[in-house]
Structures are given as structure tokens and as C-alpha cells.
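Naming follows writing order (A, B and C), and every chain is counted from residue 1.
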């Protein structure tokens, strides 16, 4: 759509978008700028964006710590019994709300279930929701957005209005409406909902970076030399457009985990007997005065998990966008 | 300028109808709107059928949507589950949420921008790193956890605030809830301002300002800040709509009877008219905020011109 | 002497190491005199100028040694606020890219008037009248109306005139122009250069003209300093250098100017690239690119040999170079 840049596009490409797009705040320009003042940077030594980014990441303590935390979370979400021998559903009302005691370091919840075991098993839920929703959002969003950016025209116009529609719906509110009918206690309705409302964010970014990549001189040159559409997309545009999508998706993963917990807290996300930090926090909220430990442990686990993913995304973003150092 | 506004307004029309239709469909899918009307008992079939035709619920969904929208444009938002007019509910709920939003935006502007400027000018120093980590933590801890913790500490443990607010809360009662509502955006504003300041601090025109022999204060306030705040202002502008719609969690924790509370009740009681009515207004606010931001953008940045 | 730079050293501390941008530069400018500083990007010509103005980014920049005497006062020993008062009033700078060097969100009137508001304590109204006066003086048509316009509303040449007006505003005794015409159309370059030279004569200012364009230099400069890898390799009165360069680098620069009378011959280019400033080669920094390099060039740093009273050359074989024309 060859229209002049209007401010709404300037905004959506320039940064201030939905509050979840942490990555966009610093723009998505990925140009390498090795120089100090007056060209004091090293001459020569061309490196690819990715190997350069990897070199930076390996030395970044934030990246190392958050990756280790995430690795740990993934392992215990696959094999929770490695560190928790109990059953997260086993309840004994006699133990309800009791504090920490030997064998039960985090105490018991309002129904007398072991908080430690539930916190460990809750990891699986959160990681599953985060990973599945992110994969869905990234796939759907980058395909739709990428096509819109590449072909432009009507497809782009419709998609732009459609993303506007989805951006107009407050996420938590949409979740309440959409999920309040669902009675399933699996993670899939929540995942489905997040994909439904999350794809426009990635679509916008993918669209923007495809348009930017398309305007690169070498892509124009490839087009002038008669490269086919599919070849251009695969060889020239995708490698350049994918970095911002990866960055945003990593950070979004953390926010999706947080969103699942929020929805579960409001009673519409996961439902008993599912094991979720959000459900546990919600149940504990009523007893906050007498037994705050029931709230603090799952809340802490949730915060650490979300933080790990957001910091990972932040580190990746810094590595891929060296404009700011 | 005028033509641009008209074009934007025209673009808003499909977005407005798309969003409200989407919510309308969701609410209709979500369950039986009649169920809530007979109180907690099950409605007997005769009454249910009568209510159904009375509300036009026997007609196809698209027709219901058109009827509903027709009514909305004449100012009739229908009836809430307790027999009150939805417009009456709005009359009490919106002022409270608007107050809450104002508190939140003030926090974003005052704390967010100040922290962003301080850290942006001291990149890499201890202050910068500390604030940066703090913002990440604030972003990572979900709002409902922040809210519950603040309530626990300030309200229950230390007794500084009342754990929940009165029916018609004043601004000072809303300080802590407003901070909770603002928390995540506050962190974003800080980071955005920091980035923007740091990026602009290297700009050629800042170097020119220094070369002109201007005092540092003037360089920062008049040259650096003015340019750096353009993206921040637009973020805060678009955030207003998001804050009002996102107040559900905060209002629930502090038991504030605002828009979020009414929506939550409406959804629990499956009252479609309340839900769709409130959402319609929220969507309008969101769209209006976006339009204002676009126009503001042109005021702040003379390079932008509207075709 | 108006300005004397003595043995100046500037380094940048980057992640790749310490970049030695300026390595013992000496030059001087008298009132009414024009010194052209010539060199490729990365030669340290702009960094030296920024050090004189006191607008180096520190860190990463650091002045590692030397003196900058301005009206017999060492600027490097002044307090920051004393230094600030000299900027704009006593010395001013004109930058290469006027579009990015002017503040995009302030009118040109505000930016010109600011000089009078800050340094002379004028009211905003008087300052604006002064701004119109200045714009008239640099021959911007319809100054009275255009004073309220923003930089992007002017053409490139007009914008550079505004930069010149801003530099002249308080009638400083020294002007540093950093590639003032490089970003302009060829047709406008001469006009802007003429204006600058004319104003310089009128106000009897010292002018340091930083450029990589030998064509610009010939008409306006009194003397030339050629820089390479942070050092001055040759200084001479302007006409002598054209007649007979005493350094192979200067010679290379002169030969690489396209000339009409040599149409059809292959254009000369100095082989190789300027050195990485974090790893300046031992001996003469130019030796890897020099057609005359011998053993001594790779081991001994050449001093600035005295060619005659007004000429210096940092080449062990300056005599041969001078004779081999």
C-alpha cells in the first residue's frame, strides 16, 4: 500500500504499541554499527548478525543465569518427580493452612495439600502454556504478518484493520468473556485464547520487519535480477525479518505465563483439579492474613519463571540490536 | 489535518463494529443470558420463553446485534442483572475507574519519566542497573501478585491503608490501587524513556546544543527531553484505554466498584447487556485515545504531517 | 596566536581496546587565518576539533595529554562552566549534516535566538529579532517569515546557512567547520563556502576547515595540515603543497583527484585501508600503503622533519618525495 507514512504506522513501527511489547520499545533496527567516533571502530572483520549475537550472549551473565533457570524449569516440568516425591492432589484437611514442617518445607494449602509439591507440579502447567501459546502466536502471527508485509495491497489493509479489532479488546476482559464458558481443566482453552488474542502483536512486528527488509538494496537488487517471490522470501527476507519476531516472542512467553496465572486467579483460566500457580494464589488470597506462606511460594515461583523468560528476551534483544550500548 | 481526522474516523468504524461484534458473539456463545434473570433459581420454561421473546433472543444473532446497536445509538444500553439500567451502572462505575486511571497515569508520568531520565543520563552506572532490574521485576511479577502483596503489607501488616476502599472512593483512597494498576506500565515508561533519552543523547543536535555553550540543564530539558518524550507521550496516551479495560484485577483485589467490578459481575451472572455495554464504551475510549495520540504526535513532532 | 594545539593525545576506550585517535597533534591558527585540516575518515581530524571545542564524548573519549592554548590560556585546565562560556561566544562549530545537527522540534528562530537568550540574557522577543537579522546576513530570503519554520522545511543549502548563522551569532574569534559542504549538492557547495569565507574576512576570525576534499581547500585555505592515523604527516602553505607534496600520502591524495586534462587515464587510488586505530602499525603508520616504504619505515616513527621554514613532513624520505614529482 504505497501511502505516505501516517503517524499510526509511525507509532506501530516505532515503538509505543501494546504494553506487552517490551522488545519494540527500542525499535527493531538491527543494523550493525561497529564504529566509534570518526570511524575508530575495527576495520574489516565482517561477522554475521547471528554469530555476533551469540558471541555477545555467551559473555552476558543475565543470559547465562536466565538460561540456566529456564533449563531447570523445563527439566522439572518434564520430570517433576525428580525433586518432588509427593502427589500434588493428595489432601488432608487436618493439615490445612499449616506452616512449614519437616518433609513439607513450604507448608500446606487451604485444603491440606503440600504446597511444595504443588509449586513443583505447577511448573509444568506454566511452561506448557507459555511454550505452546508462544509457538502458536509466533507461527500464526509471523505467517499472517509476513504475507501482509510482503504482498501489501488488500490483504494488508484487511489484516491491519483486523489487528486493530483485536488490539481494541482488553486481554483480561476478553479472557473473562471467552473462557468463562469453558469447563475443561486442561491447558488448551487458555492456550487457544492466548493465540487468538496474541497473534496480532507478532503480526505487526513481522509485517514491519518484512517491509523494512524488502526495502533493503540487496533485496531490491535480487528482485531486479528476477528472483521469484518464494525465493526472495526464503533467502533474503525471512533471515532478516525473523530476529525481531524471536525477541518479541521470547519476552511474550513470560507475559503469557503471567496471563495464564492472572486468568486462573480470576477463576476462568485453569480450573481444579488442574495444578496451577494462579489457582493456588487465588485460593490463598482469602487467607492472606493468617497464612501468607500459601500465597508467597507459588507467587515467588511465578515471578521467578516470568522474570527468567523476560530477562532472556531482554538479553537476546540487546545482542541482536547493538545500536545501544 | 481535517481530512486526516475524517479518514481516521472512517477507519475506526469497522474497528468499532468488529470489536463490539466479536464481544457480542463471545457473550452470546458464553451461555444463556436468561439464566441470570430469575435470580439463583432455574427459570420455568414459560417465563423463560416469554423473557426470550421480550429481549428478542429468539431472533438470529446478527439481528440481535443490530437491534442492540440500534438501541445503543439512542442511548439505551439495556438492563443489568439487578434490574438497574446499564447506563445507571455506568454512571456510578465510570467516575470511579476514571479516578483510578488518573491516579495511575500520574504515577506513570511522574515516577516513570523521572526514573527514565535519571537512568537514561547515567547509562551503565549503578543507579541505572538497579532501576533496570527493578523494572524487570515489576514487569515479571503479575499485577495481581503485586496487588495482593501491597495489600498484605500496607493494609494488613502495617495498617497504612485500608485493605479495601469505600463505595465511592476518593483520590487518596485510590493511591495504592492506582500504583498497582500503573505498576507494569510504569516500568515500561521508565524503560522507554531511558532508551529514548540514551538514544537522543547521542544525536547530532544535542552535540550542537553543547557546542553552542548552553548550560547542561538547558541542553537536557529543552533539547534532549523534548525530543525524547515523543514516544513516551504516545505510549502513555494509548495506555489510557488499556488501563481502564485492565482495571478488572486491581478493582477485584481492592474491592473497588468500578468498571472492572461491574464487568466481572456481569460475566459471572451472564448478563450480556452489561458486558457488551461496558465493552462498547471501553472500545470507544480506546479508539478515541488512539486518535488523540496520533494528533498529539503531530503537535509534538513538526516533521509529521497529515495527508 | 589565536589557537595553538600542542602535542595533543586523545584515545577512546572501547570494547575492542584502546583506540588511539589523536597521537601528538600540533597546529595553530592566527586571527583571520584559515587552516585546512585534511584527511580520510578516522584520521583524527574531527576528534581533534571536538577536543578543541570541548564536546568530546567522555567517556569513551579521553584526552591523554597535551595542551590547547586559546588566547594563551590552556582550555584543558579550565573548569567546565568556564569552558562552556567560551563555546558559542569565543569559538563556534559548524557541523557536516545540518539536518541532523539542528533540533527537529524547535523552529530555526528559537535555535538561533537561543544564543542571545543564554549568553546575552536577551528577552525572547529581542532574540527573535536578532535571529531574523542573522538570517538576512547569511542571505536567506524572506527571513522574517521563515524564522518560524522548522529545519526540515529548508533546503540543504539553506540549512547549512542557518548553521553558519548560528556559529556567527555572537561573533566568535574562532570557527571550526567540520566538512561544512560535504552533505550538499555540488552546485550549492561553492555558495556556502564563499559565504563562510566572506563572513570570516568581515569578522577577521580564525577558521579551521576540516575536509577530505582537496578541491575546496585550494581556494580558501592559507595553510594545510594533512592528518593520517591521528598524526599530522605534512603541513605547508596551501600553494606549495599542490606544487610539490613532501609526503607520499599527500601525494597519493593529490593524485586521486580526477582531472580533466588527464581524461582517459586510469584514476589513481591509494592502495589498502586506513589502519585500525587500536592496532596502529609500528614505525610510520602509513608504511603498509606506501609505495616508497623501506626498512626504516617499518621500525622508526618519523619525526616531523623541517622541509623549510613553513613546511614540515613526517616522512623519512621527504626529500625523495619532493624531488620525485
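By definition in this document, a residue touches a chain if its C-beta (ideal position, glycine included) is under 8 Å from a C-beta of that chain, and two chains touch if they have at least 3 such contacts.
All values reported here derive from a predicted model rather than from experimental measurement.
Separation of subunit A from subunit B in touch steps, taking the shortest path, is 1.
Centroid analysis (C-alpha atoms only) places C farthest from subunit B.
When each chain is reduced to the mean of its CA atoms, the one lying nearest the mean of all protein CA atoms is A. Subunit A and subunit B have Cα centroids lying 21 Å from one another.
With centres set at the average Cα position, the gap from subunit B to subunit C is 53 Å. Inter-chain spacing, taken between the CA centroids of subunit A and subunit C, is 50 Å. With touch defined as above, residues shared between interfaces to two or more other chains in subunit C number as follows: 57. Residue ranges of subunit C in contact with subunit B, taken from their complex: 53, 55, 57, 84-89, 92-93, 95, 97, 100-106, 114-115, 118-119, 150, 152, 166.
Contacts from subunit B toward subunit C in the complex involve residues 202-205, 207-215, 218, 222-223, 226-227, 230, 300-303. Listing the residues of subunit A that touch subunit B in their complex gives 3-4, 6-8, 10-11, 14-19, 22, 25-26, 161-162, 164-165, 168-174, 176-178, 180-181, 254, 258, 261-262, 265-266, 281, 285, 288-289, 292, 295, 299, 302-303, 306-307, 310-311, 314, 323-324. On the subunit B side of its complex with subunit A, the touching residues are 4, 8, 11, 14-16, 18-19, 22-23, 26-27, 29-31, 136-137, 139-145, 148-149, 151-152, 156, 184-185, 188, 191-192, 195, 198-199, 231-232, 234-235, 238-239, 242, 245-246, 248-249, 252-253, 263-264, 267-268, 270, 275, 279, 282-283, 286-287, 290, 293-294, 297-298, 304, 306-307.
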